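Paired with subunit B in one complex and with subunit C in the other, subunit A is shared by the two complexes that follow.
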Partner chain A sequence: MKRHLQLTIKQLSASYADGSISPRLVVDHALDDAVKLKHLNAFIRISPENSLHQGKESEHRYENKNQLSVLDGVPIAIKDNFCTKNLTTTCASGMLSNFVPPYNATVCERLAASGTVLVGKTNMDQFAMGSGTVDSIFGPTKNIWSNDLSDNKWHIAGGSSGGSATAVAAGICYAAIGSDTGGSTRNPASYCGVVGLKPTYGLVSRHGLIPLVNSMDVPGVFTRNVSDCVDILNAIAGPDAKDSTTIRRPFKKIDIPFFEDFDLRNVRVGIPKEYHCEGLTKEVLETWMKVADLLEDNGAHVEQVSLPNTAASIFVYSILNQCEVASNMARYDGIEYGHRAGNESSTEELYANTRAEGFNTVVKTRILTGNYFLLRKNYQKYFEKALRVRRLIADDFKRVFETPKNNEKIVDVLLTPTTLSDAPLYSDFISQSNRDQCAVQDFCTQPANMAGIPAISIPIRLSKRGLPIGLQLMSRSLNEEMLLRVAGWIEAQVEFDCLENEQIYAARS
Partner chain B sequence: MYRKLLFSKSSCRRLSTQYQVAKAQLQDWKSVVGLEVHAQLLTKSKLFSGSSNVFGAPLNTAVSYFDASLPGTLPVLNRKCVEIGIKTAAALGCRINEVSMFDRKHYFYADLPVGYQITQQRAALANDGELKFPVIVPGKKTYYKKARLLQLQLEQDSGKSLHDEELKRSLVDLNRAGAPLIELVFAPDLETGEEASSLVKELILILKSLHACSCKMEEGALRVDANISIHKCGEPFGVRTEVKNIGSVRSISQAITYEIQRQFDVVSKGGTITNETRSWDATTRCTIPMRDKEVLQDYRFMPEPNLPPLRLNLSSSADSSTSSDIISVASITKDIPELPEDTRSNLVKTYQLNQDVAVILVNEPVLLEYFLNVIEHIPSIPAKLVTNFLINDLLTFCNKANIDVESCQLTYTHLEDILTALNAGTINLQACRQLIEILHQDPTQNVQTLIRDRNMEQITEDETIEQLCRQAIERQEQAVKQYKSGKKKALFAIVGEVSKLSKQKANMKMVVAYLEKMLKS
Partner chain C sequence: MTTFEMLRFLRNTRLYCTSVSGTNRTKPVTTKESKLNFKKLKYPTKVPINPVLQNFPIVDKSVIDNPTIQLLERLALVNLENKEALSTLESSIEFAEKITLIETTNVLPFYTVLEDQTLYLREDSVTEGNSRENILRGAKVTEEDYFVSPPGNIPLQQKDKDFSENSTECKENA
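Moving on, here comes the complex of A and B:
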């Protein structure tokens, strides 16, 4: 076990500064671990030369005491749907298997400017369409908490950002960037036992994030603790002239010194009854109730609230998702970049063959369905209606957070499950279709995307099967600080050790 | 919207002289014409990207990552385009919308790399405007017509495709992809080709005065599509056709006149009009059907999720001091210059010009500039003398030479000198016309020198005039006889004879007076 892995980013960077740990060494370890844990398939591509170079540069900066930020020299990973200049960015698809972006996503740019060291690009479901990281042309990512990685006995990492979650859970990186459209950051965070934050829509720039659903996509943050999550968020958040949907107001960096000292007596926690849904496992329910009790016992006002439109959310999410997918995928025609089919007998043939070869069934199904919903004769019946229901879902949240009806009280945060169970076995997971899986997997997570509010998943405990169980906190827009404070407080109480699993020991012994 | 269409190979069927025959029966029928105009905005950069928006840049050099549809890139609205849109909308009397939105319009085409065009379908920048314009039909009295402007929207242009039939190859130039356009959708309030071309002429004057668009149709900076149908009086509108690829203002009138006649021809032979897109062929001067690949296309419109709604400040105070991102409409509309119709009424009021003269001057900005300068610099020359010269002589010369007034080589100094000489009676109109021709060929020449060296001075001595008249009377016996028998028009022949005898130098006013006097006795 490498001792520095237990450090927070702040502690690591303090150690860099006082010379007790070398950034180059940490980068070396990260690259070694990435190779040793290759069988987990967390990475689509690692960039060793690049990382070593960046590690060296970082070391020089510390030597000269001009480090760029608290993140200087911190190894990170980025999901393969963020454009990285001169580094292939595939979206785990055949379509973009040869796509080398000439520019950096804003998130990548800001992380680089903070001095982070990019270890590599992580695995995902093709174009982020999935909740298991099983639909990648590079094969599935395996959950590091699996007792047995052989044959079909391993568990999924969750998705679609399963590679990023795994890179952090396995101790390869201190942080990773994912994307979250309906839960793609929180779901794998929950299954892999790490912290996963989906910030408020518009707080973090989407420029350079290859879109799934533009109106819901948010760059997400994976870390092993809440403090690290704050540090990463502080580096990437804030307005961006290249993304017109970013919130114009300047971002005030979040500063939370000691989570343990947080006084819960002024915190109102809502437990939305609709999240006690069909399919919720006993273990997750128990965990949920236990943490609710924990909060209440320590002075928080905990009460049941209602978000009546929750059940409709997943259907509406699915319609809007497919419509935007149909539109966003139209650019992949093989003309300017990406895969191009051999048949050039006519433009139409070229398009048809390129798209037939470059997309998997999941992507094709969503394109076809989305285009069906957008047909002139169907637009009102599906798309427009979905938008109206989306408004109702957002209003539900608004009511509990801001404008209560009757005698209801408003709450600061909502506590819910992230997923209905611990990580499923791969063999069980693929026995259902991508569509059916998404409907179950995203049930608790996608409402936050529909409303644009911030949400975080934090690991709480292990299930009987030895797999992590996480819980989700949600708050009103731009209330990340409260969200992270409560998350930090819970984290301090439950003392979950992200690195305490057999695979890590096996790899490092 | 601006779609790409392919030509069918079918040859053009000319409908020629039977028009004359058919025209008589056309009286029971009414034609209806509506226009859709796309104007490329004169901005430094494109509608949603920072790449340059110039005509004629080397192929694929004005293309940003966004224009090439690289994944992950996002549109950022160019404020300048919105401002020009607002200015144009205000000049056309539109209701400018406080909130407008952008939509995606989907179709596949190689020069549309992203697979959809960003346009404004549901909530446009402006609606419900009106354009009032003079219609000039040669040989008829100028009249005014109104057309309602239904919608004014901002949208992206597409790139350009080049098809090499022999090599079976297509090439794409993305310089134009994402260039800013405004689309103006006019109601079908027009009846003829002349009305349509007059509307476009007026629109061009307005867009130019606002510096909104270069309006160079030959560069595609202004594109006009016409929807045309015919119906029997009192019956509902007929099936319409759309005519595209109209490359000049003159073609607008020709194409629509042709298409109306073609439709009438089809109907009068018992045929039916099909809803189709036709292309104007300027060489054969007829419209030919296009194979419209998008006829059955469903554009699957969807709100553009990457652009927040465009909000404008409609309050009347032109408060541009606020640092807010919201554009104040009042602060933009206060800078709208004098529009052509105002210029016309000012001309009529200030200089007592007649309406038709004002219309012509405003239509030819160079002539208008000449006029205003001459009046200012040499107030002693009567306005009417100036306009007569500009329109009857200078413009006529340009029309005959088939050149724009802009390309006539005559300089303003030449013009002043000619008019001064004309006003002083040093030269007559014939000499003026000769001078225009000479100076257009060689603009380095000097007017005074030319008049002197080439003996162009007008003959005003009584004896000479009298002598010339006498000669002419002798030569034109026939005309003299006719005149004396009461046919007053015959005088022109004798006047013409004098002109010829004097090598076009005699003072015509004096000649007429002398002849009338001499022939009375």
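Moving on, here comes the complex of A and C:
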């Protein structure tokens, strides 16, 4: 086990600065590990020449004491739906298998400006439509916590950002960027035993993130601890002139002292009762109860609250997702970029053939369903109705966070499960249709996307099967600081070791 | 020190980075005991013990007729692949029906979570130029700095689909 893997980003950067660890060596190890753990299929593409060069540059900067930030020389990975200049960006789809963007996404640009070293682009469900990282043209990603990686005995990594979660969980990178539309960052974070943050909608620029559902998409952050998550968020958050849907208020960097003695007595924690839904496993329920108990035992005000429209949220999410997909996917016609079919008999024929060849069944079916909901005769019945119910869902959150009714008290954070169970076996997971998979997987996560509020999944413990169980915290818009403080406090209590699993030792011993 | 004590010791000091060498740790323990007892609670729990159920109307499975499939395919320019895709489409519609009875009188559609912010418009001026080469680079077929598309104004050729029970596979009749 390489000892530098146990360090936080701040500690790593301090070691670079005092010369005890070299950025080149760390980048070398990261590339080495990416190859050793290739069987997990975390990466679609690694960029060794580029990363070695960046590692070398970083080393020079530390030698001359002009490092760019605390992130200088830190190996990271980025999901393959963020545009990277001159580096193929596929969305794990045949449609973009040859797409080389001429520009960088803002997130990539800001991370590069901070000195991070990009190891590679990570695996995902095609166009981020899924919750398992099983629908990629490059094959599924395997969960590093699986006891057995052979045949059909392995567990899914979760998704759609399963590659990014795995790159961090396996110790290849210190941080990774994913995207989160209905839980695509928090779900794999929970299954892979790492921290996964979905920031407030509009806090982090979507420029260069290939859109799935524009009104819900946000870039997400994966790290092995809360402190690292703060460092990455600080580097990427804030208004962007290239994305008119970013919040224009300047972003104040979050500063949480590493060993702070956080006083919980002023923290009000809500337990939304509707998140105990059918299918929640006993172990997850037990974990939820225990952490609520811990918070209460240390002085937090813990109380049950109600978000009555929770169960309707998954239906609304499904409608809005498919409608926006129908519109977003219209851009793929084979003319300006991406796959182009051979049939040149007419424009429509070319479009239809290009799309028939480039998209998988999941993408096609969502496009068709979205078009059905948007038909003139259905528009009000489904699309507009869903938008009205979306307001009810968002209002539920507003009520518990800001404007209580009757005798209710307001809360600072909500504590819920992230997923209903630990990571399912691949063989069990694929026996269901993509729609049924998402309906179960996204139950606890997608309401936060409906309302645009920040949410984080943190690992708590291992299940009997030796797989991670995570919990989710949500807060009101732009209250990331409170969210991360409470997450940091829980992290310190549960002492979950992200790197303590057999596959990591097997690969590195 | 037993392996277990060693692990505990290392876990507690991990942030200070003690050396974890491979020699004295050949086999890691994956199902470690947590120091927390998850069965034991100090206070009456605020988490509901039983699932909180919400009822939604049970609706009949929608049936999508052939002309509708053809219309959708023409609008979307993607093909409905097979019988499974058709049944997913139908069950997605059934899934969507669940919200139709929710009371939303006087509730306005919620288009964006940033509805309190006016949309920012930038100056209509060139900020990045000379990118013709970069932009055309992505296209498979170009001619003299133009994208190329085949002749337009020709309707899509559509075939009848037969996903009925007695068709064993996705049979297409011209």
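For the reader, a short list of remarks on this structure follows.
Going forward, the second predicted complex is superposed on the first by the 506 of 509 C-alpha atoms of A that agree within 3 Å, B and C clash if a C-alpha of one lies under 4 Å from a C-alpha of the other, contacts with A are read in each partner's own complex, and residues count from 1 in each chain.
In this text, a contact is a pair of C-beta atoms (placed from the backbone, for glycine too) under 8 Å apart; a residue touches a chain by one contact, two chains touch by 3 or more.
In this text the structure is predicted, and so the values were computed from the model without any measurement.
In the superposition on chain A, A:376 makes contact with subunit B only, not with subunit C. More subunit A residues lie in contact with C than with the other chain of the pair subunit B and subunit C. In the overlay built on the shared chain, the residue A:392 is in contact with subunit C alone; subunit B does not reach it. Touch criterion not met for A:97: it reaches neither subunit B nor subunit C. Once the two complexes are overlaid on the shared chain, A:479 sits clear of subunit B and of subunit C alike. By the touch criterion defined above, A:297 lies against subunit C but remains apart from subunit B after alignment on the C-alpha atoms of chain A.
By the document's definition of touching, of the two partners only subunit C reaches A:502; subunit B does not. Once chain A of one complex is fitted onto chain A of the other, the partner contacts of A:88 are absent, as it touches neither subunit B nor subunit C.
Looking at the shared chain after the overlay, A:8 reaches subunit C, while subunit B stays out of its contact range.
Within the superposed three-chain model, A:50 lies out of touch with both subunit B and subunit C [touch as defined at top]. When the two complexes are laid over each other on chain A, subunit A has residues 99, 102, 215, 241, 244-245, 248, 326, 333, 335-337, 347-348, 351, 371, 375 in contact with both subunit B and subunit C.
By the touch criterion stated above, subunit A contacts subunit C in their complex at residues 1, 3-4, 6-8, 11, 99-100, 102, 145, 147, 201-202, 215, 241, 244-245, 247-248, 271, 273-274, 276-280, 285-290, 292-294, 296-297, 302-304, 309-312, 315-316, 318-319, 322, 326, 333-338, 340, 344-352, 355-356, 359, 361, 364-365, 367-369, 371-373, 375, 381-382, 384-392, 394, 433-435, 439, 451-452, 461-462, 464, 466, 477, 493-495, 497, 500-502, 504-505, 508-509. Residues 11-12, 14-15, 17, 19-22, 25-32, 34-36, 38-39, 41-43, 45-48, 50-54, 56, 64, 68, 71-73, 75-82, 84-85, 88-89, 91-93, 95-96, 98-100, 102, 104, 107-114, 117, 119-122, 131, 134-135, 137-141, 147-152, 154-157 of subunit C touch subunit A in their complex.
For subunit A in complex with subunit B, the touching residues are 82-83, 91, 96, 99, 101-103, 105, 206-211, 213-215, 241-245, 248, 323-324, 326-327, 329-331, 333, 335-337, 347-348, 351, 371, 374-376, 379, 383. Touching subunit A in their complex are the following residues of subunit B: 65, 68-77, 104, 106, 108-110, 113-116, 170, 172, 298-302, 305-308, 325.
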